[in-house]
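The following pair of complexes shares a single chain, subunit A, combined with subunit B in the former and subunit C in the latter.
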Partner chain A sequence: MKYFFILALLSLNSYASTGKVPTHWMSSENQENNFLTSTNEAEMTGLETAYLKILNVNQDLFKEISLDAKKTWSLQSIKTELALSAEGTIGVMGAGGEAALELVWIRKGTSNGSSSFVENSAPEAEEIQMNGEMNEAAILREITPIVDMALSSQRSPKRQKVLQRLYSEAIKFQKTIRELESTPVMGPWYAYKYQLELYVSAEGDVLFFEVGNAIRLRLEWWRLKKDQAPLIQSPFAPTELSENAKFIAGIASDLEAMGNLNFENGFKLNCLKVGVGSTVKGNLLIVKSKASATGSIFFKRDDISQESFALPNLMEEVSSYGMIENNVIKQIPRMSFRSGIEKAAKIATFFAKHAKTSEESKFELRVIETELELFTNGGIGIVNVEGSAGLTLFATRNVTI
Partner chain B sequence: MSKWPATATLFILIACKHDSPTVESIPVIGLDKGGKSTVNYIPQKAFKRKLGTFFAEISDQVSTTLEQYEPNPNMPWTLSRVSVGLGIESEFEILDEMIEAEIESDIEFRFQKI
Partner chain C sequence: MKSLLFITLFFCIHAQAGILRAPKIIARQLKAKLYSTERALTQYEQSHTTYIYKDTDETAYYLKRIRLLVAPFAAFKVPMLEIKIIPKIEFRWTRKNPAGWRNYNNQRS
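Coming up: the complex of A and B.
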């Protein structure tokens, strides 16, 4: 779980206890009814006090930070990482995990200086922006300077080889993003970003996995919203959709199932990151573990009215999703995935519930990332430190993603 | 956009640890060398004092240094974002009652085309 505090802090009373999350939060069991209230009351009280204590301690660490509005640079956010042990004990991330704390400064007046929250999925990568309309010359114009810059730090004579192989991957990537661009937006959720991670080896090979001293590149696509065009389009007939379009439309429809969930403190669920891989034919699959993901698709929620709109959900066309686990493709039942997403959202409400603000504070909790594990039966649980998340759910307030 | 990460060992946190939760302890969840989860309970006061002091110092130092940075108008790139991550890289138990934690930082610079 990651928490982002942005300018103005939450103030919480000091409690002192440790606690564990209910066992079924981490399991493949998708309990649909009375999810939070059916858990043991004493267990929930212990969890709440432990969670509040950790938040409070973190904020004590922020008190000494000076914020000077006159400076050219501003402290944009502080990220703290919490973790669960295998038994479900909640705590601060320690050895073997990601950074327990991260501070981000931005230069005022740059595009990075906007109030938007930028999810930092994989640092240390050079980004190559792609879209479905780019021709060969445009693709080469985009990748060539990145390749030159990436290779400038190494004495690599492999420029032409890297360019050719990267171009080949860019063409495959473009085929997929054309499918994403043609996927009808059938409701408030839609795929708005697709990233593909690539690695250039010292030999000039372009790989999907990291090898020693590889240069990291990222192909990236964003769905651009056109000002004049309505977000909702008339749905295409399911038979007109490609397999990838069905995959995307199916997940977007599943996300809508948690649309009416009541969040406290102004939080909203508005982004889901799905780790993906693909078959030899290029069909997208969910990955069990983000460590084996070659790419990520980000789904975003827009606040739009859909009362008069009949939403096709492709239930007949998409009954399961492919998932890669240990290099084996398995089919997970879509209905289980759908109820698993709902369970995950309910878990997120717990963490948002306690994110209160205080006028005298400098920082406010605005983004909660909940990392989730997808099980073979379609169940979804919150990941513990031994596991690996394939899905990440974002709840935010007062900030856009 | 371009980024160069840097890693450095910054300081070592040494504190008494508890084997079980107490009223004033912070659980620190980690992984041992075998990939199994570990839980150490560090007294809240020690956690806040040692990390808080360091946290404020590094924040001031980065902020002061950034204010001194002047973009070169002849260069097509300019520094636009700096992030400093603080992580516990390793933990060692000492005499069964103390814990020594090595804190490291990752620094990432992002440059933006002008």
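Coming up: the complex of A and C.
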């Protein structure tokens, strides 16, 4: 019988070839050298081959999908997820667990720079309602049709339960964005959107993480500003910042400290997603995805010179970040966090280097998301299928995500 | 030994044939899901008010993107086994900003 399993694995090799990432990519060790070359060259060649095969299979899948750009809501992109086994073998995401790498295929035809969907405004005839604060009626009116859409393929969904969960998370979101708004933009990196995520099981139960064949729904509220908004505000002195403003500004400073890395194929490292929650006192902290919170803040880097800003590093004010894991709050050293971010970025350069798209495909690989496990010593490594991601690094080319 | 070799060969041919069909089966499921979701979104946009959550005079928050992860699958039988391939694929729908508003950035103009 065991021969059959071995042969099955060999046969599946043609669909999603196997390859292994170097062990130190998944550990908390922060080796200064040798990020992109393993002592075992055959291992790196195997990884490259497996990755390229997966890219090719994805492009074949998307050939038949039709596109319609005239609608208000329009299919902009498709994402596929790859996972790492506990031993580091890379493959197409199947059963539940954490994805290690997410590949976003953007429809072709969007112009250089940002997608036209992102930059253009909706027609003025559109009915717009301004709300000072989120209230239950407005939120429910907005999210109910989306939940119905998401649950359309589910059997006997517990619709009210899903709506209630989303509503309570949206209220938490409102508190978080107030904190974001009090955080001045002090460097090229800044917070620009907030994402709510939840899973719904086949039975309609709302889950915090994936189990079995649950579907995943993510809603994103983007920060906007008026077309004629005045100049950005001047940097605040550290003493003027709230604890949460220091938390946000500290992470922005750590991102800037990793400097400019050389990404091939036109990719740039310009976005980071951090799972966030708050303490009873309301202080922001990092959450790992299997904790209770489901909200994330996205940081973005614009293409502007560093000299445009006087960026305080806040090293004296923020020496560690709070992180919640399994309902326990731990402090992770900030300097280790900084080094870990740089290591993760170097690993991401490998996947960007091999990101090629065939000319016939309607979708082009433009975003590579590397999911990262944050260890309690501050070290960072790629998450395996059994781990829990706390950070996501985004390498993008010619698109605003 | 010969019979084992024969069974092995038989198994490999079945598995390989299933794997070759898998992308088409999965693509068909993706198209069906895409069609039903786009139909729901069309109804949504026809009857919906756009909400902006304003937090200062110059900035606001806006539900701009919906992302839905689905798991189409292809299953095929080989002697004594059933093999399933279940890739996870996420669709992302984005809508335009309301008139007079643009994405937040830290540009000075």
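Observations, loosely collected:
Simple rule for what comes next: the second predicted complex is superposed on the first by the 230 of 401 C-alpha atoms of A that agree within 3 Å, B and C clash if a C-alpha of one lies under 4 Å from a C-alpha of the other, contacts with A are read in each partner's own complex, and residues count from 1 in each chain.
Just so we're on the same page, a contact is a pair of C-beta atoms (placed from the backbone, for glycine too) under 8 Å apart; a residue touches a chain by one contact, two chains touch by 3 or more.
A quick note: this is a predicted structure, and the numbers were derived from the prediction, not measured.
When the two complexes are overlaid on their common chain A, residue A:149 makes contact with subunit B and with subunit C alike. The wider contact with subunit A, measured as residues touched, comes from C rather than the other of subunit B and subunit C.
Looking at the shared chain after the overlay, A:92 reaches both subunit B and subunit C.
When the shared chain is aligned, subunit C comes close enough to touch A:223, but subunit B does not.
In the superposition on chain A, A:57 makes contact with both subunit B and subunit C.
Judged by the touch definition given at the top, the superposed model places A:103 against subunit B, while subunit C stays out of reach.
With both structures placed on the common chain, the touch criterion links A:84 to subunit B but leaves subunit C unconnected.
When the two structures are aligned on the shared chain, A:386 is found in touch with subunit B, with no touch to subunit C. The interface of subunit A with subunit B overlaps its interface with subunit C at residues 57, 60-66, 68, 71-73, 75, 92-95, 99, 102, 104, 120, 123-124, 126-127, 149. Across the interface of their complex, subunit A is touched by residues 4, 8, 11-12, 15-16, 19, 22-23, 26-27, 30-31, 33-34, 36-38, 40-45, 48-56, 58-71, 78-81, 83-108 of subunit C. Across the complex, subunit A meets subunit B through its residues 16-18, 50, 53-54, 57, 60-66, 68, 71-73, 75, 82-87, 89-107, 110-113, 120, 123-127, 149, 384-386.
Against subunit C, the residues of subunit A that register as touching in their complex are 1, 3-4, 7-8, 10-12, 14-15, 57, 60-66, 68, 71-81, 92-95, 99, 102, 104, 115, 117-124, 126-134, 138, 141-143, 145-146, 148-150, 152-153, 174, 177-178, 181, 185, 188, 190, 192-194, 213, 215-227, 229-232, 300, 302, 304, 308, 400.
Chain contact summary for the complex, subunit B toward subunit A: residues 1-3, 5, 21-32, 35-41, 44, 47-48, 51-52, 55-56, 58-60, 62-63, 66-67, 78-91, 101, 106, 108, 110, 112.
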